[in-house]
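Two complexes are shown next, each including chain A; its partner changes from chain B in the first to chain C in the second.
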Partner chain A sequence: MDTLVQALINGIAVGGFLTLMVLGFSIIWGVMGVINFAHGEFIMVGAYMAWFARSEWGVEPLYSALPIFLIMFVVGFVLQKLVVNKVIDRPHLVSLLVMFAVSIIMSNSVKLIAGADFRRVNSDIQRGFWELGDIATIPRKHTVVLVVAIIVLVALQTFLQKTRLGKSIRAAAQNREAAQIVGIDIKWVYAFTFALCIGITAMSGALTSTIIPVFPFMGPPWALRAFVITALSGLGSVKGTLGAAMFLGLLESLVATYAPGSSGSQLAVITAFGLLVVTLVLRPQGLFGGLRPVDAGGH
Partner chain B sequence: MLGTNGNGAPGSGSRPLLEVQDIYAGYDPNVDILQGVTLHVNEGEIVCVIGPNGAGKSTVFKAVYGMLGVRKGTVLCNGRDITNIRPQDALKTAGITIVPQLRSVFSQMTVHENLELGMYLSTDKAKVAERIDYVYDLFPRLGERARQEAGTMSGGEQRMLEIGRALMWEPRLVLMDEPSAGLAPIITKSIFKAITRLNQEIGLTVLMIEQNARQGLQASHRGYVIELGRQTYDGLADDLLGNANVRRAFLGGH
Partner chain C sequence: MRKRLRLALALFMAFGLVAAACGSDATDVVDSAGEAVADAAESAQDTVEDVAEDAADVATDDGAEDDATAEEGADTIVGTIKIGAALSETGKFSVEGKDSRQGYDTWAKWVNEEYGGIQLPDGRYEVEIVYYDDESDADTAANLVQRLIDEDGVEFLLGPYSSGLTTGASAISEAADVIMVEGNGTSDSMFERDFQNLFLVATVASDYTKSGIEAFAAKGAKTAVVAYEDTSFPTAVANGAIKHLEDNGIEVLAVETYPKDPTDLSPIISKFRELEPDIFIGGGHYIDAVLFTNAADDVGFAPDGMLITVGPSNPKLIDELGDSVEGVVGPTQWEPTMAYSGEWLGSAQDFATRYESYWGEAPVYQAASAAASGLALHIAIEQAGTTDTAAVREALRAMNVDTFYGPIGFDDRGVNTSKPMGTVQVQDGAINVVAPDGAAIADFSYPRGN
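Up next, the complex of A and B:
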C-alpha cells in the first residue's frame, strides 16, 4: 500500500514537471507545423545555464530560472527569424532536418565548452523531504519544481485563453489563412510563439536540473518523451498535455516501482515508447485529442 | 433577384472600388496560372466570377489580397496601388476581406470567439460587442449558438459564421469564394439572400466566385467568365445569363 502511494506521488510529481518540459514542443508543432527536433537540447542548455549560475555565482536554480527564460526567449526569437522562418513554408521534413542539425550543433558546442562530464546541480532550498505521515516521503525538490510548473502552466493557459496575443496564437494554430484574413501578423505570431516555447523549455531544464542528470547529450530522451506525450494528447493543448504527461509519469513510476530487480528504469523507457508505437498504430489521432495538422481548416 | 429585375450596376457612374489590371501570378515559379486577368468592381456592386474548375478563379482572389505574389500587373483599391499587399494588411489598410473556398472557421473556438477575432484589429471592446450584436441580428442562428464550438456546427452554419466574421470589421469589399459550395439548396438560397440583403441595406460590395453559375449571376449585377487564367466574357449579369455561348458552357445548355 505504502509503496503504491509512494509510486503514485512520484508519478504525479514527474507528470507535473514533464508537462512543463514538453509543452513547448507541442505548441511549436501545433502552431507552426515545425517538429522541433532540438527540443531536448533546449532543456539541456537551460540545465547547463542553471548549473553555471549555481557553481559560479551560487544562484539557486529556482532563482536563475526566470533570467534563463528571458535569455532563451531572445535566443528563440533570433533563431526563429534567422533560421526557422526561412524554412517554414517548405515541406515539414526540411524544418525537421534543420532542427536536427541545430540539436547536434548545440550538444557538441556544450560539450566543447563545458566538457562531457555529468554535472550535479545542488540546491539548498530543495534539500530534504516532506514526510506524509509514515505513508510516503516526497523529495522537497520535487515539490518545489512541481509548484513552479503548476504556476507557469496556469499562467500560460490564462495567457492563451484570455489575452489578445494568446488568442491570435490559437487562431494561427487552428487556421493560418483565416488568421491572416482577420489581420493577424502570422510571422510575428510565429516568432513570438517560438521564442516563448524555447524560453519555457529552457526554464524547465533549469528547474529540473536538480533532479535529472545533466550532460551534453541528455536531450534526445526528453525530445522522445515529448513525442510520446504529443501523440497521446494532440497538438498544442495545455490541458491535453497535462493529462498525457500525468499518464506517462504515473505509468513510468508504477513500472519502475514494481519492476523486478534493477530492470525498473529500462522497463519504464520500454513502456513509454511501447506506448508511442501502440498509440500511433491504434489511434493515429491520439488518445486525448488528436495530431491535428495545422491548416486542416476545421473538421 | 437583382439580375432579373432590370437593374444594372447600381449608379452606372459609380467609381471602381477594386481594379485588377492585367495581372500575372502562379504557384510554380515557371508557370503563370493567371495570364493577364483584368476585372473591376464598382462601389456597391455584387459581381460574380464563373468559369470551369481550375481556371484560376480562386487564384485571382489570392493574388488580390496578397496570399500569392503578383508577378506583373497591378491591383488598385479606391485608386490606390495595393499590389502585393501583405494578407494581414488587406483588411486594415484596404478594407478587403475574404471568405475562402475551404472552411475557415477557427474550429476549436466558440462562435462568439470567432466573431471577436473578426475584429482582431480593434481594441475597442464596446465596438466589438456592438458588431457582434449586429451579426447576431443578421444571422439569429449564430446568436443561438454563441457558445458552441464552431467546428461542431453544420456546413451551412459554418459558412454563415465565416460571412458574419468577415462583416465584423465593416469591410468595404468582401471576396467570397464559392459561398454555396457543398451546401444544401435551401441553405444556398438563404446565403444568396443574405448577400443580396447586405448589398441593399448597407451597400456592401461583393466579388464572388460561384460554381452555381446561374444562381450566382442571378444574385449579381455583373459577371465575368474566367477560363484558363484569363477573363473571356464580361457584362451585366442579365446579359451573361442570356448569352448563348455562356449558357451552353456554364449554365447547363439551352
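Up next, the complex of A and C:
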C-alpha cells in the first residue's frame, strides 16, 4: 500500500463529507448574515431521521436522504418565518443567541425522545471499501457522500447562477437594500434560502450517519468545523466551500499521517485552527473568495 | 407557618417524652426518642401525623412495651443520609453517565425499599441521592460538587463518570473533607495525590488490559499497535497496556494519540494497516470504540486481535455495530456471570436480575461499579456506626468484604486492590468472559473469528 496515496484518498473522502455538511451554514451566513449556531443540531436531526428510517423500515440512508431533505426544507421554511425572520433585522448577536437557544432545545428534545445512546446507522450499500490494486483502499461510505456532495454542489451552483431566484439570493447577499430597490422580495428570498440550507444540512446528516456516531449532542464539533471552513472559504461561496473543505480534509490527513512522533492527529487540529487565525487576520474574505468577507454584512 | 407548627409540636412532644421516660427509667427510650424528635425538628421532613404517632407509641406507661419499642426503634427510619453525585446526563459521557446513575439508584432503591435503610445505633436511615448534570465537563463537575457540599449539604459523595471529571471533582471533596467513593474514574494519577477521602472500588486504569494482553501473549501474539485519546483515563490505560505488552514480550510497533472529541480516526488506522500488527489496542471511551471500528471497516484493517478499552463489554455496541465487533476484546470490571457474591444485594447474577427489573436492560460494568460504590459507602457507615467522616474513612480503610461486585478492600491510596480485572470477547454476538482463568466462561478466540 502507498501511504501518500492513502493519505490523499482519506483527505478527499473527509473533504467530501465536510463540504456537504458545511454548505448550508456558509450560505445562511453569507446571504442572511445569520450565524446558525444550531447548524450541528440540524445535522444531528437528519442523522436521527436516517437512523429511524433504517432501523424501523430498513431504508438505506442513501434513499432516505431525499425525503429527509424535503421534510427539513419545510421545517426550515417554517422556522425561518416564525423565528429567524422576527430577529433578522436586529444586531447579529440576537439571531446568534436565538439559534443557540434553538440548538439547546433541539439536542435536549432529541435526547428526551430517542435517549442519549450513541447510534450508528448500518448500510449495506455504503459498507466496506474498494481496493485500488495494492496501492490503497477507497472507503465506500465516504465515496457515496462525496458523489452526492458533488451532485448537490453542481445543482446549487447552477441554481444560483442560472435561475431568477438564485440570482435574487446572490443579489440579497451582496446588497440587501439594493436588492429590495430593484423589486426582490427579500423575505421570500430569505425564507427559501434558509429552508434550502436546512434541507441540505439535514441531508448531509442522513448520509454521514453511516460514518460518524449519532447522538443528541454530536452537533457542536461540526458547527465548529463549519466556522473554520466558512472562514477559509469566504461566506456563501459554493465553490469556496468545496475548496476549503477539501483543503482542510487533505491538510488534516497529511499532517496526521506524516507528522513525526505519536501526535499527528493532534498536530492536524492545531494546524487547522492555526490556519483559521492566519486567514482571518490576513485575508478576511477567505482563501477562495466568497460572496463577502467574514467581517461584513452587519445590518 | 407549617414549619413553626411542626417545631412547636416537636418541642411539646419532646417535653412529654422526657417526662414519660423519667417515670419509667427507660433511658434508652429517652435517647432514642429524643434524637428522633430532634431529627424531626431539624429536618422537618416527617409529617406532623408521623411524629405524633411516634410519640404516642413511645410515651406509654408499660415498661415491657417500652423495651419492645426500643428494639423496634432500631428498625424504624429515623432520618435520611444525603449523598451527592454529579453525573453526565448530556455530552459525550451521557451513555456512561446514565448507566452510572442507574447503578447508584439500584443500590439506593434496594437500601430504601428492601434492606430497610442503613443501620446505625439509633435506627435506620434512608438514602437520598442528589444529582446534577455535569454536561460531561470537568469544570462543571467540580463546580457542582462544590454546590452539593455547600448548598445541598450532602454528607458523602459518589463519583462522576470518567477520570477527567473525577480528578477535579475529588479535589473539591478532598478540600472540604467529604468522602467520595467512586467506581468509574480509574486513572492511576488520581491516586498519587495522597488524598484521604477518595476511594475507588474498581481496578485502576493501568491494569485494565493486563489479563487481556496476557491472553494474547499466551496465544502467540508478537506485535502490537496502540492508539488512544490524549486525556487522563485513556492515557493511563495505554501506558499500562504498553508496560504489559513489554512485560509479555510483545513488540510495540507504533503508538498514536489523538485529541479529545475525535470525529474520524481513519488516518491513524490507515497508518496502522501498513505495519501489519498482530494486535491493535485502542484506549478511549464508548464513542472511540465506534470510531475505531468504523475506521477499521473503512480502510480494511483486520488484525488478529483487537482490544478496545470501553465498549466491548456493553451490549449496545453489539446492537449498533453488529458483525464489525465480532471477536473484539475488552476489559471489564464486572460481568453478571462472574462468581461473586455477598450478603448485600446477593450474587452478581442477583444484582443483574434486580437491575434489569428496575431499568429494563442488562447492567454494564459501569453500572455495577456505581452500585458497588454506594454499597461500599453503605457498609462503611454501618461498620463505623456513625456518619462522622473520620470514622467512616477508617471503616473504608479497614474494609475487607465480599460483594456481588467482587472483593472490596482498599489500599493506602484508596484503591480496591482485592478485585482482579476481567477480559471479555464478543463471540457470536454474545459477551463472554475469557480471562483471567478463574473468571472465564469461554475459550479465548484468536485470531478473531477462529
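Assume the second predicted complex is superposed on the first by the 279 of 299 C-alpha atoms of A that agree within 3 Å, B and C clash if a C-alpha of one lies under 4 Å from a C-alpha of the other, contacts with A are read in each partner's own complex, and residues count from 1 in each chain.
One rule holds in what follows: a residue touches a chain if its C-beta (ideal position, glycine included) is under 8 Å from a C-beta of that chain, and two chains touch if they have at least 3 such contacts.
Here the structure is a predicted model, which is why all the values come from computation and not from measurement.
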Exercise for the section: With the two complexes superposed on chain A, say which partner A:Asp185 touches: chain B (first), chain C (second), both, or neither. Expected result: first
Practice task
Quick one: classify A:Thr163 as touching chain B (first), chain C (second), both or neither.
Solution key: neither
Problem - Broader residue contact with chain A after superposition on the shared chain, chain B or chain C - result: C
Problem - Touching partner for A:Glu177 - first (chain B), second (chain C), both, neither - result: first
Exercise for the section: Using the touch definition from the top, say if A:Ser109 reaches chain B (first), chain C (second), both or neither. Expected result: neither
Exercise for the section: Examine A:Pro139 and indicate which partner it touches, taking first as chain B and second as chain C; both and neither are also allowed. Expected result: second
Practice task
Across the two complexes, find the residues of chain A that touch chain B and also touch chain C.
Solution key: none
Handout entry: Residues of chain C that touch chain A when the two form their complex
Key = 89-92, 94-95, 97-98, 136, 230, 254-259, 261-268, 270-271, 273-274, 286-287, 290-291, 294, 297-300, 316, 320-322
Problem - Residues of chain A defined as touching chain C within the complex - result: 1, 3, 6-7, 10, 13-14, 107-108, 111, 115-120, 122, 127-129, 131, 137, 139-142, 211-213, 215-217, 221-222, 225, 252-253, 256-257, 262-266, 268-269
Handout entry: Touching residues on chain B, where the partner in the complex is chain A
Key = 65, 67, 86-92, 97-98, 100, 102-109, 113, 116-121, 123, 150-151, 158, 165-166, 169
Exercise for the section: In the complex, go through chain A and note every residue touching chain B. Expected result: 164, 167-168, 170-171, 174-175, 177-186, 297-299
